[in-house]
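Working notes for the structure below.
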Amino acid sequence: MRYPLRTPEPGAKRMFSLTVCDHIMIAHSFRGEEFGPAQRLHGATYAVEAEFHAPQLDRAQLLVDIGLARTELRRVLDTMDYSNLDDQPALLGVNTTTEYVAFHIHTLLVAAIREGRLGEGGRAVTGLKVLLRESPNAWAAYEGPVG
Amino acid sequence: MRYPLRTPEPGAKRMFSLTVCDHIMIAHSFRGEEFGPAQRLHGATYAVEAEFHAPQLDRAQLLVDIGLARTELRRVLDTMDYSNLDDQPALLGVNTTTEYVAFHIHTLLVAAIREGRLGEGGRAVTGLKVLLRESPNAWAAYEGPVG
Amino acid sequence: MRYPLRTPEPGAKRMFSLTVCDHIMIAHSFRGEEFGPAQRLHGATYAVEAEFHAPQLDRAQLLVDIGLARTELRRVLDTMDYSNLDDQPALLGVNTTTEYVAFHIHTLLVAAIREGRLGEGGRAVTGLKVLLRESPNAWAAYEGPVG
Amino acid sequence: MRYPLRTPEPGAKRMFSLTVCDHIMIAHSFRGEEFGPAQRLHGATYAVEAEFHAPQLDRAQLLVDIGLARTELRRVLDTMDYSNLDDQPALLGVNTTTEYVAFHIHTLLVAAIREGRLGEGGRAVTGLKVLLRESPNAWAAYEGPVG
Amino acid sequence: MRYPLRTPEPGAKRMFSLTVCDHIMIAHSFRGEEFGPAQRLHGATYAVEAEFHAPQLDRAQLLVDIGLARTELRRVLDTMDYSNLDDQPALLGVNTTTEYVAFHIHTLLVAAIREGRLGEGGRAVTGLKVLLRESPNAWAAYEGPVG
Amino acid sequence: MRYPLRTPEPGAKRMFSLTVCDHIMIAHSFRGEEFGPAQRLHGATYAVEAEFHAPQLDRAQLLVDIGLARTELRRVLDTMDYSNLDDQPALLGVNTTTEYVAFHIHTLLVAAIREGRLGEGGRAVTGLKVLLRESPNAWAAYEGPVG
């Protein structure tokens, strides 16, 4: 049984969200004149926010098990943490811009949800936004549906 | 007279938002194995962000009177601040997860808007998002229509 | 060539965003009893976040050239920085509330995008949100389409 | 009776601190070529942190009554909030740099402590640091003894 | 071998610091009229910052092993996390103000350092500051020598 | 003429500080088993805070010209920004831990002050603290005298 909501008005958005955060420290370089000095090998701390969306909560009033959400985010980030993204097989030949890495993590998390790794609660998740802060004054995100 | 906007394109979102923040310090406990150690009586500081949405501003270029918005948020939070949520009549038998408390505060603020407590400007508010930060790396929110 | 995405489900939002930040320090005053002490000449530091939206990335995996985005945001903010907004020709007779200044900056940035000042990548931008933080516990934003 | 501490080693610092925050929104201008565009009338939000120091806590394990600390900080800030510092009698002819305003607030808070406005606990305060954040990337402070 | 520094001038402070953060979510109540509504059972998220001080770095240019520092901070916090501090044997009959809990964690961490739990690098630590943020606008700390 | 202060009590600290912030994005790797996965080539965004100390302000009520302070911090950071620290001649064979990089930047800024690059005001600076945030929950600093 899901938490009962009033009949939604057409077009009105009713949405719960739950966000968990973690971070990775990576090296990488970019190809293309538009990147200027960032064409050189450099690096970044990406503070990563995974925001799960669902229109309802479960009987325990949870959107998703926050422990499982943290564990899965960590598992996904472990594939990149303390590495040079230029050498990552899954990212070969791709410019790993902040917006692209957000998309990449989004893809991995959606796969985890589909595999049932977020437990029963994961079935209720309808959307996911992944946001990466690369510095105090720049960040990028990708948001897309789940399911 | 409301601030004139160009004819909106179909499906395009044009929206103002105004956010005010406050916080509460509460005790509570959860029921259910999935909560692990959080089944024990513990507590949280919830930093609360109330984000009011409206497609237009009033003649004074206000979305809503920020003083009234602060006062109403405070009035709603006072019903829970410095308390044990397990003992709150309005929350008896409910797991007061961060996502649920966001929903609860949303419900109380929407009621306040409907009662006219945000003044004339409150009539323009079409949506509300309530976000609660429970720690530096976890937060939850509920967003829904007003009116 | 844009980054290939799966066929979107009807109504599902798939969106990249890139945000750059800067700030301005301005004086101003408000007209209207509802503003209370803010009717007096005072001021604010506005921390400004410009969030560009696009459904796809370009071949370099960029939403928009971040260097150009910073430059344009700075150019727009220079028209107001270290000034008294009450004396700004473009803002004469207007209450420069945080929500209105967000709208004003939004308008100037959209014009810059239309003039091609964000380069080729700017053509992909479909939406823009401008958020201004006026204090640690209050902020306002305007979001609208580009193009 | 104060909280018992071990005999301090020579030169070793043992210190409690308690910090409360608030903010003001002011207009001002500077005189002197070195200020560049800041010679024009502009403004700032100052997020103000008042950090009280004491080597011991009282019997209730308080450094100072946090409610009184907030009230006194607010009372001091009310003398400047929503004003043009150029017109403040207490600041006439002074360049109200962030470092100077920190010093000014420090002076007013020390006077309040000496007048007993922080209650009995205020007698234990031996030092005070006042820090003002003027933007996300610049702040200034003044620290000095009390008593 | 420690990193060589120039002969220090008399009274001049030369100090490295390394800070690691974590948090706890606790319930508690206070005794004493001065606490007002906080006499009721309520709770707090304490964001905890442990700042280790040393005048020199080791040969690997480390102040202290950051992994061990995190582990020990976590181990200390686990004694309190998800609990009601009113029931903690080590805190019975004590008002667990933020400043006192900072002192308590400081005591536990100093003991851990003395037991050699921070490894060889821990021997170089000469001071420790523990800071607890209880809300966005209030925090407290205790700083004292180690050794 | 410097801002007049009351006769200081013996041992009492009276100090102004001014802090400016910037950031760098670097790659690097560590040598030594204690570094675990950080022995691999990875990277970091270092948010850098340079805190200048002086016991008095100048006639314009400035600790130091904030524009020059920003420029010098940027000039120093440019020697490292968007680079692999493992290849930096000035850092060859050194483990570029966060605490060491803070010390390195400190050394370069002190040299700049001694060369008069902060102008006349720089002569008043008696101390400098450089703090580097490597992630949301870890940072390191070095503080030492200037002059």
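The letters A, B, C, D, E and F name the chains in turn, as written, and every chain counts its residues from 1.
The rule is simple: a contact is a pair of C-beta atoms (placed from the backbone, for glycine too) under 8 Å apart; a residue touches a chain by one contact, two chains touch by 3 or more.
Being a predicted model, the structure only gives us computed values, none of them experimental.
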Field: Chain at maximum distance from chain A, centres defined as averaged CA atoms
entry: D
- request: Write down the chain pair in C-D, B-C or B-E that repeats the interface of D-F; the criterion is over half of the contact pairs matching by residue number.
  value: B-C
- request: Please indicate which chain is farthest from chain F, where distance is taken between mean Cα coordinates of the chains.
  value: B
- prompt: Same residues or different residues: which describes how chain B and chain C meet, taking over half shared numbers as same?
  reply: different
- request: Could you work out the angle of the rotation that brings the CA atoms of chain B onto the matching CA atoms of chain E, rounded to the nearest 5 degrees?
  value: 180
Query: CA centre of chain A versus CA centre of chain D: separation in Å?
result: 41
Field: Computed distance of Cα centres, chain E from chain D, in Å
entry: 24
Query: Where the CA atoms of chain C average out and where those of chain F average out, how many Å apart are those spots?
result: 32
Chain B, residues touching no fewer than two other chains: 21, 136-137
- prompt: Tell me, which pairs of chains are in touch?
  reply: A-B, A-C, A-D, A-F, B-C, B-E, B-F, C-D, C-E, D-E, D-F, E-F
- prompt: Contact residues on chain C for chain B in the complex?
  reply: 30-32, 34-36, 94-100, 102-103, 127, 136-145
- prompt: Which part of chain F faces chain D closely enough to touch in the complex?
  reply: 3, 8-9, 12-22, 57, 60-63, 65-67
Field: chain F contact footprint on chain B (complex, rising order)
entry: 136-137
Field: Of chain D, residues touching chain C in the complex
entry: 21, 23, 25-28, 37-38, 40-45, 47, 81-84, 134-136
